[in-house]
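Here's a structure for you.
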């Protein structure tokens, strides 16, 4: 059991019931989620001491976000309180050829306006084994980018493993803005997770043959990029999920891990139906961190991809699965037979 | 942006939640819908001035039907008020090999009992570009058949394009009753939409090899019929959807358009899962009218079939999609990737 | 129309809404169900006088179980009242590679503690044509095993056809316990329903090549076992369903019947999506009893497998289908086209 | 335990959730109810063999009405099947000074169009002790009025006690129409239930000082009318509820019974809040019939008014209370303390 | 029927179901509302041409706000589109001594950032009879204050009646900020609505003996203030509601109107239970505008207070009542008897 | 901030939605609760380190109980896992004169079967300030009574303040059983909470004039008993709530505290409507413990009664209020005005 710290934004998620369109909604289902918070929940579910660091307003909606993290055993004691608002995202879940839609309303959130001094990194990183963040955090504001850098430096100087999920978001920044911030931060990163699109837009690597919207993936192209990434930034590991989007309801899912020497490719899953696509990548990161903390690379990537395949069948941002359930799938039982 | 008038019945739809059977229902979901009203909503969503003409009782249930049309931007100012009741249909949504079921309770509705003098066609058709109706309207009552004929005559004499969706309903009339009314009405029709079954039962054309319940479709057979239809009735265009029913949850979907010279066949979609099958044909009519008003025939049929494919993924009778969403699918992105 | 008696436990089923996980549930959907009760509902739906025999506590939850049986036309007049509690099972419905989960809380239920003298078998079996029970009933307690034996003896001495669904449940007893009770009871059984796993664990037959969790089935292996079973226990008929578990959402489904001379194999269905997997086997038993009461063996097995395929598309333990609906599917219409 | 037969219409009730207005409703709660059916459920709950006689369409909505009666132990075997539709009423529940609203859509229902020959009164009244109907039944159609008369004659000639709830409904007939039918039917009636308004509009008695909408009641005025009613029609008993409408949420509630000699006045209850006002009168009739079958007049009227007071706290048309619960209230425990 | 224009902010309202606390909510009910939008809906319900002017983002949540206004017949054609977000408020509904709670998240909304040039007042005020705004609008931002002033000037110069609801909100501005903006705007106002607290905080009048939280009201104190207000600002009319807060569930409700000469006091209502307190004041403004447009002052204030009393019994911000329903209550029928 | 330990049973609570009766329920709302767990949540909400000690099964339903405690900041690290089941109670919420009903199904729960050695009291009571338990815990089983005694001894020997809520439950034990266990345990108790009924049935004090079901309370009678209790058992403090049950919806509520010298009587509240009556007493205990830890006796009893009055307006067993909210009510603002 490791102490893992993740830092970023947790948002109020307002999703239309079932597959309703936004304009049909008379109510929204309420959960809370965000890239790094989702990773924290995964890790808590796998038995780790998971801490999530953010800033949230003092009102009851902010409190509810904390309560939901507590409900799933994430330690929230380093969360600062104050600021004006919690970021929001609206979600409409698609079906078949109709894609899911996300509308963000996150500007001016408490974490986007937080100061470095809201956080005591001596306390936060005391006895910590791992620090995880994603490319969303520095993208939300200048202050958040600064905060991310400080956190990376503080983690690094304590010898804590640092992982990042590049996670490019075009609504938050342009590729050039992203690169100007992210390239610099890569010096603190040990484990880098990101797909070819991220590699191009966030780190400036030229993609070759992948056409993402077609759902086709070219492993060879990935391998080249991974090698380049390792050379340029000296990552210990590089990993990506490989998603084939057949429809909003049906995806292919596998992953690739590179440790600088060997490529580890996971089993391939067909997920049909997808219950909730959001947080799929985060559940991979959570699974991978657990895998790398406890297993060899091949088992780690198998665990990560099985965990994230299961996430697609679970409502909400959080991956509500146990290590045992992930292991069962990773070991080959995808039959879905009733467990009595 | 065109002024499009549709006329017919809008019903209260009472559907069991999810895939519940009728005998299990403790509540019904409430929407309003009907062939021509559904077309009007589609056209309003694509930016047209869409008017729906009907008669509804003065009570709050009648008012709610109007309100729902207003909510989706259909102009309801020509709707007459009065009469005894709003027609009802009960809907149970199937799954896999269990079909959806519809129970009608529409006799004696306000529109079935409406008089021609309830409507001022000078006003209704002023500056109108298009008039659309379906074979359901004349089928609901003698008075409604008379009303339909008057409307056709009034539209025709103003040079308004008239389209019909043949839409045979065996619960409402027999083939011979249908033919006795509908063949006469075809003289006013420019654009005729109907499948082989409609062509046979409503217009008296002999089908050849199609076996509808098997889900197999024979394009060649359709082509022959379309030619005959054009010869006999002088339609400007004839169109049909081509549905392959694999199960209640999974259908194949494409369409065929004939302009008297050329056959335009659309792309083929697999819709899986179907969220709501009802109104699928109407969304095709709505898409086709928009297509013919704004595009060349091939693009028109592609737009119509993409629009109606999307409808199958949306709860309710109404097709809640924008022109932009339809274009995206028609242009080839069926990957269902999350739109952030 | 036959008088059919079934005897066993009916439980309160508490299921999470939709595909929610247990830890996410803020409410449970409430239905009542249990192997033999489910068979009784099937038979009532097919027009038989179906009686369900059990014992239930006197409070309103016990009453609600009775009321729900009454709602679906099962005669409950032989149900004894008293005892401490109704058994409960919690159900979480899976999706894709995530299996459904069942948690039982049934110890100490009224029927598990019932006495033989709570039931008047003269009354219960008067004019009865058929008695059905499952291997769950003798497994729940010693007293229930004793009760089952008495019921079998009473049925047999009146010449009533006796059927059993072997239904091994590892949470209730071990294979050796099961065999010590069940082998003895087989002498009263005319129609035996059970898969290869049941045959092995309950009756002690050695399986050969079937690997259940892989979803592969070997008909030849089944045929050998069926022959052995007939030889050893002198059953009139042996039957099994053949399930291929592709995922929690998609199963292959067919069945095999052996009358001592001929093997009758049913059509094969792909069920996708599965709405509710629970009670699938019971709906097969119900369909088979109806089939054997009214049809030749081939039609009986076709009816049984079509009935149970439909069950998978219906929420709850009970199979809410009419004979007419089952016949339509058995005769080949699996197109799922809307029934208007 | 008596055999009690009630006859009339059962309708599909579509009510808005909570206190939503009609124009806000996205769903309707579904129950079934109607004056005489409600009485039957009350009597079944009090342990009698209660039969409800009507006609319902063959489709699943008609079946659901039957199933709901069965669920609450009403015997439905004399219900004829056929005809076109089930009557409907829409219900919006008020609050405070906003009244509840009912919209009827019951014309052309199966029972309104039923023939006398749909019912076998030899069978229906065999061994029956009591026949109850309400003034709604003859009001719904000429055929229903004829049917009511035949039923009264058949009951009377077998010596069965006949009770009526006058229940004037202005949407169904005028006072003069009502009187032309109802006065004639009074010759068959032993027990007459109705308030002053009913006495005036249905039977032609002049009211004196009661102002119903003010919520004031004058017992003396009632006593005069009751005496007149007994003189003119020779009733064995006359009874009425006395409602004071303070608001849609708060009512006073008591009752008066006259046996030709003595007036029996019940305790007075304040009901606050009212959960569901509909069926309040029917639950009084049901309680009164049970009371008169098993108790002295004072206890009978206390039972009836306690039963109907409880009904106001229960959702739906049906009074879901046991005899024991009614007795507890009638004997004075209105404290509402938790029953553990 | 008048053309009435209202201008201000419409927000997404997210309320916990029933009386849940924020920290318990798994979903939020969704409606849209805001002071001036609520007035517009009231006026549309009373038969006027009601226009609501605001700015909303282009995404589907902004569209949904418009759709809901359309559903209730408010004309939205002057609504500008653009900007970043729709304001939000979270609502928790209290009960008994637990108050309702509102959390605002409205900074940076599209209307707060709108320019005067987003609106064409020539078009907006063409043929308009009335312009209504509230003290919330200038409070939300400097730009909104500027926009309000321009709108007042434009209305005034066309001779349009201008009404204001002072509506002080302490979360939006301080009393001194409010006075610096609002006092200046009063020169354009004909009809001023506001309670003693508003008069003090927004306009600087010293209150005398009222203790708002005690629920006691002193009419005499109000009369003095009203006279002063008329003197200082030359209003044509001044009006206020008089709320007595007994609990979150039970309020007293009446109103006072002063036309410079005479005080008109309304009937007094006890509202119990309150279903939804929000929008109570706005429904008074809507009722008063309708009253003043069509009635004498006494009838106007009676209409306004009856309309707003009814609002308290209706879920959502909007007052879903017809003129007929309000008249019935204003004329004295508060009995809540079922309307059949 | 104190460390407070509570120990007892937490149950799965299955309640019918709204005011539905058990026989109407199609779903149950799910929360978790139990006397001591409810106290722990109160104390966590008031800012204390609250620990709840129990034993729960290892399955997901047991886990969900823990998660819900975590969600509301109760420390669950001393909860043992194992055993067969979680206790259940079914709840039907009454209205007006219809009482709420509770059906227990708690026999054989994990905590009822727990061993003393499942708990490490050195750890549990380390640095603890307070230990609270209720009379329910020793009532559930012999082992639980033994466990309670051990816990009391362990607490006492560490000088921890011990409080008890006598809480007699007639379904769990008889008065003589209760007295044989409870009288002995009183030697460890400092603060005793219980009403006159508890005093009589659990401790053997003769009541004098109180008639609980009538809703009348006699303070003088209480005072005598309190004095006797203090004399006999040497309690530091004795307290009781004083409930007047007007109906299931409306209660009077106040409390009395005696410190051996002075009687402290609280303000009196009318709670109308009651949203959820369950846990009302526990919220008093929670409030009292907080009060005694931080205030003088009069303020403590005011805090306790205000806290528990608020509880009655909140769904679920847990009292979801902050110290600030309780203080506001205790200081006199019961107006229920909207908090913006």
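A, B, C, D, E and F are the chain letters, set down in written order, and residue numbers restart from 1 in every chain.
Quick note on the criterion: contacts are C-beta pairs under 8 Å (C-beta built on N, C-alpha and C of every residue); 3 or more make two chains touch, one makes a residue touch a chain.
In this text the structure is predicted, and so the values were computed from the model without any measurement.
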{"item": "Chain separated most widely from subunit B, comparing mean CA positions", "value": "F"}
{"item": "Pair exhibiting more inter-chain C-beta contacts, A-E or B-E", "value": "A-E"}
{"item": "Centre distance in Å when subunit A and subunit B are each reduced to the mean of their C-alpha atoms", "value": "44"}
{"item": "Chain centre separation (subunit C, subunit E; CA means) in Å", "value": "62"}
{"item": "Residues of subunit D engaged with two or more neighbouring chains", "value": "21, 23, 26, 67, 72, 101, 273"}
{"item": "Chain-level touch network, classified as line, ring, star, complete or other", "value": "other"}
{"item": "Subunit A-touching residues of subunit F, taken from the complex the two chains share", "value": "67-68, 70-73"}
{"item": "Touching residues on subunit E, where the partner in the complex is subunit F", "value": "18-21, 23-24, 94-102, 104, 169-171, 212-215, 245-250, 273, 277-278"}
{"item": "Subunit D to subunit B touching residues, read off their complex", "value": "14, 17, 21-23, 25-30, 59-61, 63-64, 67, 84-86, 88, 90, 92, 101, 103, 105, 107-108"}
{"item": "Complex interface listing, subunit F residues touching subunit E", "value": "72, 269, 271-275, 309-310, 312-316, 320-321, 325, 329, 333-340"}
